[in-house]
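The following pair of complexes shares a single chain, chain A, combined with chain B in the former and chain C in the latter.
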Partner chain A sequence: MTGRQWASGVGGLLVCLAVWQVLVGSGLIEYDLLPSPWTIAAGLSTLVVEPAFAVELGHTLAATLLGWLVAVLAGTGLGALLGTSPRARRYCLASIEVLRPLPAVAFVPVALLLFGFSLQMELLVIVAPALWPALVNTMEGFAGVPQRLTDVAATFHLSAGTRLWRVYLPAAAPAVLVGMRLSLSLALVMAVVAEMVGNPEGLGYALVREQQALHPDLMFGYVLVIGVAGMVLNGLLLLASRFALPGLFRRPVARWDSA
Partner chain B sequence: MQGGVSASAVFELRNVAYTVPVREGQRDILRGVDFALGAGEILAIVGPSGTGKTSLIRIIAGLVAQSSGEVLFRGRPVAGPPEGVAVVFQDYANALLQWRTVAANIALGIERRLDRAACARQVERCLALVGLERHAGDYPWQLSGGMQQRVQIARALALEPAVLLMDEPFASLDAMTKASLQDEMLRLRGETGASFVFITHDIEEAIYLGDRVAVLRGRPGTIAETHGVGLGAVRDQVASRAAPEFLELRQRLHGAIGAHA
Partner chain C sequence: MKACRFPSSGGPIARKTTPAVTALVSAVVAVTLALLPVAESRAQAVTPVKTPLRVAYVPVITWLISWIAKDRGFFDLHGLDVTLSPIQNLSLLPPTMGRQFDIAASTAPDLLKAAASGIDVVGVAGETIELTANQSMQVIVRPDSGIRSVQDLKGKVVATPTIGAVMHVATLHWLRAGGVDPNSIRAIEVPFPNMGDQLKAGRVDALELLQPFVGQQLAAGNVSIGNPLLSVADPGLFTFWIAQGAWARANPAVLERWIAALKDARQFLETNPTESRSILAKYTRLPDAVAQRIPFPTYDTTLNASQLEVWAKVLRDLGQLNAPVDTSRLVVTPR
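Up next, the complex of A and B:
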């Protein structure tokens, strides 16, 4: 995004907040439990300095990252295998197409039954759906490595390890990164869901707790915190990938004609 | 005569055919391809696009198996890319590792074989051969098409191959770069004694570079005729191209390709 787009975006957001503030503050719309942006901001500022908040945030982030890590390791590993081996694809693709469309929340009762109200339950609810974006995107990335690159790897007699790490993985990296990012945002969503209905810890549980205690300002505050956490995680991942693969992000469309 | 060619041949193809599966069944791409590449020889293969030139290079390079017939490298059947054979592909943008610098691309085939210092020296030498000394640290996508193709050529030369298989390597280059790389290639052949299969759709380029010129033609593609080039080993961009032998062969090849394309 350009600076101008940023400025316009922030401007639009501020207008929305101002309208909300005026509507609620002036009593034009009256819901007992709809706080004004200002009240939410005040609630948030008391919330974030509480020691309990750090524990809640820490729990959700730790569960998200742990679940994501497992999903990404398994998903990219399997995806790389399926992407490079047409035979493996032939045997596994049908199972994947059956399992993948299962709605993510359908895992919640299954996980509850298996593990009760626990961290294992939360991790299962995160890993099971977050696996698919990593797997499918990695598979497509590896399957889409240009034939010319596999030709080059073969004629240069590169070892299997060199081929994988230095040729196929970098060539597939843009797709792998897309999968990792989709997995990460899904992992955070599923962590919050698991905490809302299953494992009584973290931001998801706090959200429900404040709702039931009729603290709408704090509830909205938690919603905001979860949203910001998602943005920050995504931003950090983007930053890390740019740092790890400097050649990758400024690559224009391949050109054939210009001499 | 047959025995003589076979004994000194680097590559020999006998009655090679190549068929690929398509939705409606099979498509014949090459049929009845026969030729031998002598040691130190430049065999130019010229043909219009779509006649199976790239398929032929991939078969010779051991990247894909022919459907029938024999492909021999130093008398042995080719099963996978042979050692000492380097390939320069037509589509340089796909063939280069776009996330590696120019120098790291050139080091691709030698970084595991040579120690660090020897590898760096070899990369430097090959950069100089193609005139890219000042671009060692650039990424391929920062270079023009012609420069990228020179990176691919340098990467192949770094292997010090006995045989170079080149698939329309100069097709996307401007006339001046093309001429200088053509002469560079002839000089290199003189120095190293390497053999070349040089594929092109440019008749004049085929004559200028080739010791022999083979015409690939038809669907499925086959080698319709082969001509010796009577220009001698030393070529000159102006004099050779004006020589009566050059002009006469050019006319014959135009006829051979144009009449049947």
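Up next, the complex of A and C:
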């Protein structure tokens, strides 16, 4: 993103916050549970220095990353299998399409029965929906590898491992990465949801706790923290993939110039 | 989750130490480790072993006497080692009894529905009752709404904390007793703190509210049209403690100590309201101004089957209890 893009993005946000501040500050909008951005900022500044905050943030991030890791490992593995085997696709695709839209929140009572109020319960609620973006995108990526590439691989009699590593993965990488990013944001959302309705730990529980304790400033503070956590996680994933797959991120402009 | 930190071993200082020093340190560590079990068993011999109890509560004033018992040492005094865990939704608790928790917060509809679906769960001690002289629930409307009584609620939108939970069941019974078809209202789940704003915005017509939110809304100029809990019974059972049936029947002595500790806590509350309010503020994190003013509910540790039977009838009349439930088997309290 260029400096100008950043400036206009931040500018837009500041205008929204200023309008919000004026509406609430002037009393035009007066609700008990809608504090002004300034009050939220003040609440946030007291919140982040509390030792409990680090524990809550750590719990949610750990649950998110752990759940995401499981979802991505299982999702890309199954996705690669389904993407390369038309027969596997034929047998499994209908089941996947049935399972995919099931709302994970509906699994909370089942997860609670199985694991009680615990991290395992939270992981089940995270992994169940976060699996699908990784699986479906990897499957599409693998299935969409151009036939001339697979033909070349066959001509050279490449082994299965070499074919996967040298042909399929590089060709499918953009799609796999999209799946991983979608899974990550979903994992964070589901971690927060699982904490709000089930496991009483982390940012999600803290958010509900502050709402019930009549601290709307802190509640919105936690909402903001969750938003920033999502941004940071996505940024880190992009940064990591830039290192792992440098070819993917060559800027198109530069490529046309050099051509 | 707790972060684990280990002291760093090695590093530049460790590398400089001579083998003799290393040997000496190892010997000291070995001797200390060898002695630890001895010291531990001695410590155990001096202090009698306390019964561990895993207890789940909801962070609202209803469960205050259990926090007082914990913080003022009444559980310790009665030989109980109680771990208190906050849970936001008590409807989720019955299936966890005997698995993750030994004793948990509950209400009659939650217990009866769980028992009807075959879960081995029983009431073991009372917590709060609702009575005319001290009311914690009210149905609140705007003063300009034209709603004056339960009959005016026909066809209105009512905000409830949880559809299917005690306060909404009571409200449906109240409507039915007032000659209003319970199906004529539309119930919307709204957390207590948000209810006032929803009423102000005109999204809902009436609120099923609990203290301290009742006090807040009355102070804001809204009005009460009645207390549905009193239509069930007056005085009536509101909240109580549950446990797994098999566990409760096998541990009457533990339950006796649990109730004794709660009674001590209630006594403490009566004589030390100021300190009790600071315990309340600690567990609920309510702002000080609210924690200082919120009225205490009526705590009563007695619990009997007839109190539950009243609720069973209410649920049956509303068609919410489809399997037969024998309430005489759903209360296990020490003689």
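Following the convention adopted for this analysis, the second predicted complex is superposed on the first by the 248 of 259 C-alpha atoms of A that agree within 3 Å, B and C clash if a C-alpha of one lies under 4 Å from a C-alpha of the other, contacts with A are read in each partner's own complex, and residues count from 1 in each chain.
Criterion: a contact is a pair of C-beta atoms (placed from the backbone, for glycine too) under 8 Å apart; a residue touches a chain by one contact, two chains touch by 3 or more.
As the structure is a computational prediction, the values presented were derived from the model and not from experiment.
Between chain B (first) and chain C (second), which, if any, makes contact with A:S159: first, second, both or neither?
A:S159: touches chain B, not chain C.
Examine A:L34 and indicate which partner it touches, taking first as chain B and second as chain C; both and neither are also allowed.
The second partner, chain C, only.
Output check: A:P170 vs chain B and chain C. Expected answer is one of first, second, both, neither. What do you get?
first
If we overlay the two complexes on their shared chain A, which of chain B and chain C does A:L113 touch? Say first, second, both or neither.
second
Tell me the contact category for A:L149 with respect to chain B and chain C: first, second, both or neither.
first
Enumerate the residues of chain A that count as touching chain B in its complex and touching chain C in the other.
On chain A, the chain B and chain C contacts do not overlap at all.
Of all residues in chain A, which touch chain B in the complex?
Touching chain B from chain A are residues 146, 148-149, 151-152, 154-159, 162, 166-167, 170-171, 173, 245, 247-248, 250-252, 254-259.
Quick check: in the complex, which residue numbers of chain C touch chain A?
1-3, 56, 59-60, 85-89, 92, 95-96, 99-100, 191-194, 196-197, 200-201, 216, 284-287, 290
Going by the contact rule set out above, which residues of chain A touch chain C in the complex?
31-34, 55, 58-59, 62-63, 109, 112-113, 116-119, 196-198, 200-201, 205, 208-216
Under the stated contact criterion, what part of chain B meets chain A in this complex?
It comes out as residues 58, 61-63, 80-81, 83, 85-87, 89, 91, 93-95, 97-101, 108-109, 112, 139, 141, 144-146, 159, 172-174, 177.
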